[in-house]
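To keep things simple, chains are lettered A, B, C, D and E as they appear, and every chain counts its residues starting from 1.
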Amino acid sequence: MLTAAIIAILVVMIMAITRAIMGPTLYDRILAVNMFGTKTVLLISVLGFAMGRPEFLDIAIVYALINFISVIAVLRHSDKSIFKTTQADKKSMQRHS
Amino acid sequence: MLTHLPVLQVIVPLLAAPLCLLLTRSRLVWVFTLIVSGLAFVISGLLLQQVMATGTIIYELGGWDAPWGIEYRIDQLNALLLLIISGVSTVVLMAAHTSIRKEISPDRHSLFYILYLLSLAGMLGIVATADAFNVFVFLEISSLSAYALIALGKDRRALWASYQYLIMGTIGATFILIGIGLMYQMTGTLNMYDLSQRLPGVENTRTLFTAFSFFIVGVCLKLALFPLHLWLPNAYAYAPSIVTAFFAATATKVAIYLLIRFTFSIFGLSFSFTALPLQLLFVVLGLAGVFVASTSAIYQTNIKHLFAYSSIAQVGYMIIGFSVSTVTGLMATLLHMFNHALMKSALFLALGAVMYRFGSVKINDFHGLGRLMPYTMAAIVVGGISLIGVPLTVGFISKWYLLMALIEKGWWPVAVLILIGSLLAVVYVWRLVEVAYFKPPVAGNEAVKEAPLSFLIPIWLLVSANIYFGIDTRLSIQVAQAAAHSLFGVSP
Amino acid sequence: MTSVFLLAFLVVIAVAIVRMRDLLAVSMLLGIYGLLSASFFVTMDAVDVAFTEASVGAGISTLLMLAAITLTGRSEHPTRHKPVLALFVVLITGCLLIYGTLDMPYFGSADAPIHLHVAPHYINNSMQEIGIPNIVTSVLASYRGFDTFGEVVVIFTAGMGVLALLSVVRRAENITKIDSINDSMHAEYLILRIVVKALIPFILLYALYVQFHGDFGPGGGFQAGVIFAAAIILYAMLFGMSTARRVINQSVIQFFAAIGVLLYGSVGVVALINGKSFLDYSALSADPVAGQHLGILLVELGVGLTVASVMVIIFFNFEGRRDVLQSQENNHKGDN
Amino acid sequence: MMDIIMNISSAVFLLIGSFLCVSGGVGILRFPDLFTRMHAAGVTDTLASAMILTGLMLQNPDGLVILKLIIILLMTLFISPTASHALARAAMINGLKPMLDKPADHEGGMSSKT
Amino acid sequence: MLIGLYNYWVVVVLMMIGFYIVIANGNLIKKIVGLSIFQTSVFIFYISMAKVDGGTAPILAEGIKQYSNPLPHVLILTAIVVGIATTAVGLALAVRIKEAYGSIEEEEIQAKDNLDC
């Protein structure tokens, strides 16, 4: 069962990476990174069990924390002018949707 | 306490750096830094004496035996380098308080001293250690502090120069890291002595060849060998004068030390010079460096640039001596490292004095300098003569040995080319002498006074060392000879 | 098997980074790169490294990238010249490396030289000589303790370097202004603030756990320091720099950074005074193993102190630069 | 007996979790605009994590491990919605508008299918 | 052979991508990103060396016979710290360059420098 979970998580990771690369807006990328982070937390937890040393869950906790902090960091800066949706963003948005 | 000298050499400046942060007044920090650096100088002197008397000193850090723990191993070569670095650092520091008052904003003075000490400690650490990975760690200490120190220069180009240095330096360090990793992969050890014992067993593998190539390229980036030298001129030209004087005399020397240490004591002579066509490569690059850099030096208007290019040329000489790969050749390299440190620190410190009075070191500022600042200019002239290699200066001694080595080996054309290269040095030094003594000062500069004593004392200390070691060569030649012999003796 | 996939992901991300022109997107992808390589380290059994890489590669370095990008601008100009030379150099280097791997022992083989020479000593003897289960910690803090000392100094150097580059002399800010900023932020980040306020004590507690649990599991001074700093940075981000600066004084934090290095160094110096060599912890106590324990504890504490304070110094100075820029711009507008 | 029940229930939890995971992944790829994608990611993330972590808890009776898993679970429950909230807010403020009912010729109408 | 060295080759590719970004890109921040990728890939290389088939994390526990090699882990812990230190100083320099030159593109800075001379 652990294998199934690992495969599922890896598949979702591929999807998240695709979204992170495709964009089109910055917020899609942030979303993808956040999702990728939570999936990494799960992956590490499951891997710990699969490798027979579940006591290493500490790492997963750190991942969850760091993931949160980096998302907050991005959003905290979002009142800066450089975060405004740019012309390029709008163009690529139209192209994609 | 005497048995702990090897480690004290490094940790005294290393621990002094955070202590500086606790002191408040800038003058106090300067005095403290000077004392610490002087202490390091004394320690290195004692170490050299001890090594010459008893041979290699081994010090095990943390009390763990060698391949498991880290050890320090001081032989003649390290001891000589330690002496050069701590000596130059101490003399240069004497002028620091006066110099940085004009070049660095007051709120950064104590940071300057902290970074200076860290850089000093990093270089000493690279030289003293006998552990390949420890080299990398201390390399990064000295480089990181160097980037910050260079960026403290008041010109905005200092920032850009520092950034370029950071990129090149980090690429170099990462290459060295890859080299060390591959070596470790093949032998399972990081200790230099242990490596030298185990490497012959895997001598014919392609991995070791790659490890060696990466290491060589990484080190050549750090030592600014000819095609990889582009970061150096700007970094030296726009850094604060004190920093330039210190780095020009020491930073490239440390890289050359690494080159010598790894090729001779670790990879071994036979491997190093057969795996890659190192002899041919280094002779060609060295000569190209001498000619290209000396020619560029002639056309510079910023005198710091001029001497920075001359540094690249001098590195060329050292590399040529290295590539001869005989005892005499290596001796010439070591002597030139020692001598070049003396010349360049004197020259750049004198330029610091000019900077102090004029605020820049453009060639225009040198018009009539012979009358305005006679002592400073005289120091520059002596330094320049030494750079050319005129008898009775240190420059002569090392060039002489280099020529001897080349002739011994039968490389006549190289010897001739080196002599021609020295003529180029005559050209750029003469340019300075000409404007300084035969042209009147530029309008507005007539009132400039001689540099303050805090500059003149260290400058003339270095200049007299230039002359002293040019006449009484016993110490330098004895140490260089012992080091060269031991390197050839140790290598399998 | 998982590791193969992770490596493939890494390549995809790296290629995407090459092609991406939007620097914010690049920093996001770099965060993913960090997380991925950390997951890879877990599959390679390097739990301590994974711990560090997660907090550094995905955490702190993303934060720094963001801080820098918001100061320098978001988009990268397309390069006009064709980087043929660069490609050539890279190809040569790559081919040389591939050539070099050909004689390497196969991946995972137990009889590679590195598993036979020095490492077995650590695995077999560290329990008797040092007495803690985490071999990585014993090697890090004791066998190769001097490397770690160097590492602490490197991070201290970085802190001083950033201070030298970015620090600004600031006047005391008036309290009403801080309060007004505070109020405006309060409305904006209400929910985040509540959640973060609830989380921060636990984060700090967790950092302490990591600090002192490093002997038995993954963790240690460096990781703890980063987590501790992350908590403070989180606070500073949501409650404003000026509030954070009031809570955490700049000179005090610099003092702590120095103290960490000095603590590490003084453990070594005590050994020197007791007649043993530098960093020989067995000099700290009559029983060598107990001495090792005490030494590792103190040393890790020093690492944690320095790392936490330097991370905070670096972040605060980046953010402080922003205030300067803003006030410069405002003055500029005022002049016109 | 107890073992078998634990194993089976753990497997069930893990499977449900995996399925939710994948469905969230499909959502983040296929949905038309940021806000719907966020919906897909946010909802499944929390539940999938909860399921998988519960499944893992049932696999191991060790107290400390369960405690750590509970901590991770609690953190996910706290953090995931908060992050989604902040993200949506920031996107709105910076000029990204959700795709509401658009003319049928536009692909935006897809959101009604789900 | 293909399986035995596959990991190393992928890591070499990663390293070279990082290296390419450093030397081919003109944007200062992007260069530092490249450096970071380059260094991280070298870390991956080291850690790959440490893996032993059938081994587990080098934390002593009962009933485990085969551990992976702890020494590369220690080296890389140190190297990661060095990496972040370099990144921090590099970014700080980039910020200062932006303030001084108004740009973080290599070509523009070089052009402005040439004007200064």
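Miscellaneous remarks
Here, a contact is a pair of C-beta atoms (placed from the backbone, for glycine too) under 8 Å apart; a residue touches a chain by one contact, two chains touch by 3 or more.
All figures in this text were calculated on a predicted structure; none of them were measured in a lab.
Taking the definition of touch as given, a chain qualifies here only if it contacts subunit A and subunit C alike; those chains are D, E.
Chain pair with the highest count of contacting C-beta pairs: C-E.
When every chain is reduced to the mean of its CA atoms, the largest separation from subunit D belongs to B.
Taking each chain's centre as the average of its CA atoms, subunit A and subunit D sit 12 Å apart. If you average the CA atoms of subunit D and of subunit E, the two centres end up 32 Å from each other. Taking each chain's centre as the mean of its C-alpha atoms, subunit A lies 21 Å from subunit E.
Contact of a single residue of subunit C with at least two other chains is seen at positions 45, 47, 67, 69, 73, 97, 101-102, 104, 112, 114-115, 118-119, 122, 144, 147, 150-151, 154, 157-158, 161, 165, 192, 217-218. Within subunit D, residues 79, 82, 86 each touch two or more of the remaining chains. Those residues of subunit A in touch with two or more other chains are numbered 14, 30, 32, 51, 55-56, 58, 61, 65, 67, 72, 83. Listed by label, the pairs of touching chains are A-C, A-D, A-E, B-C, B-E, C-D, C-E. Against subunit D, in their complex, subunit A makes its touches with residues 1-2, 4-5, 7-9, 11-12, 14-16, 18-19, 25, 27-28, 30-32, 34-35, 38-39, 41-42, 45-46, 49, 54-55, 57-58, 60-61, 64-65, 67-68, 71-72, 75, 78-79, 83-85, 97. Within the complex, the subunit E residues that touch subunit C are 1, 3-21, 23-30, 33, 36-37, 40, 43-44, 47-61, 66-78, 80-89, 91-96, 98-99, 104-105, 107. On subunit B, the positions that touch subunit C within their shared complex are 4, 7, 11, 14-15, 17-19, 21-22, 59-64, 67-70, 107-108, 111-112, 114-115, 118, 121, 125, 131, 133-134, 137-138, 140-141, 144-145, 147-149, 151-152, 178, 182, 184-190, 198, 202, 205-211, 213-214.
Taken together, the subunit B residues at the contact with subunit E in this complex read 133, 136-137, 140, 144, 147-148, 151, 156-157, 159-160, 162-163, 166-167, 170-171, 174, 177-178, 181, 184-185, 190.
Against subunit B, in their complex, subunit C makes its touches with residues 96-97, 99-105, 112-119, 121-122, 142-147, 150-151, 153-154, 156-158, 160-161, 163-165, 167, 169, 254-255, 257-259, 261-262, 265, 268-269, 271-272, 276-282.
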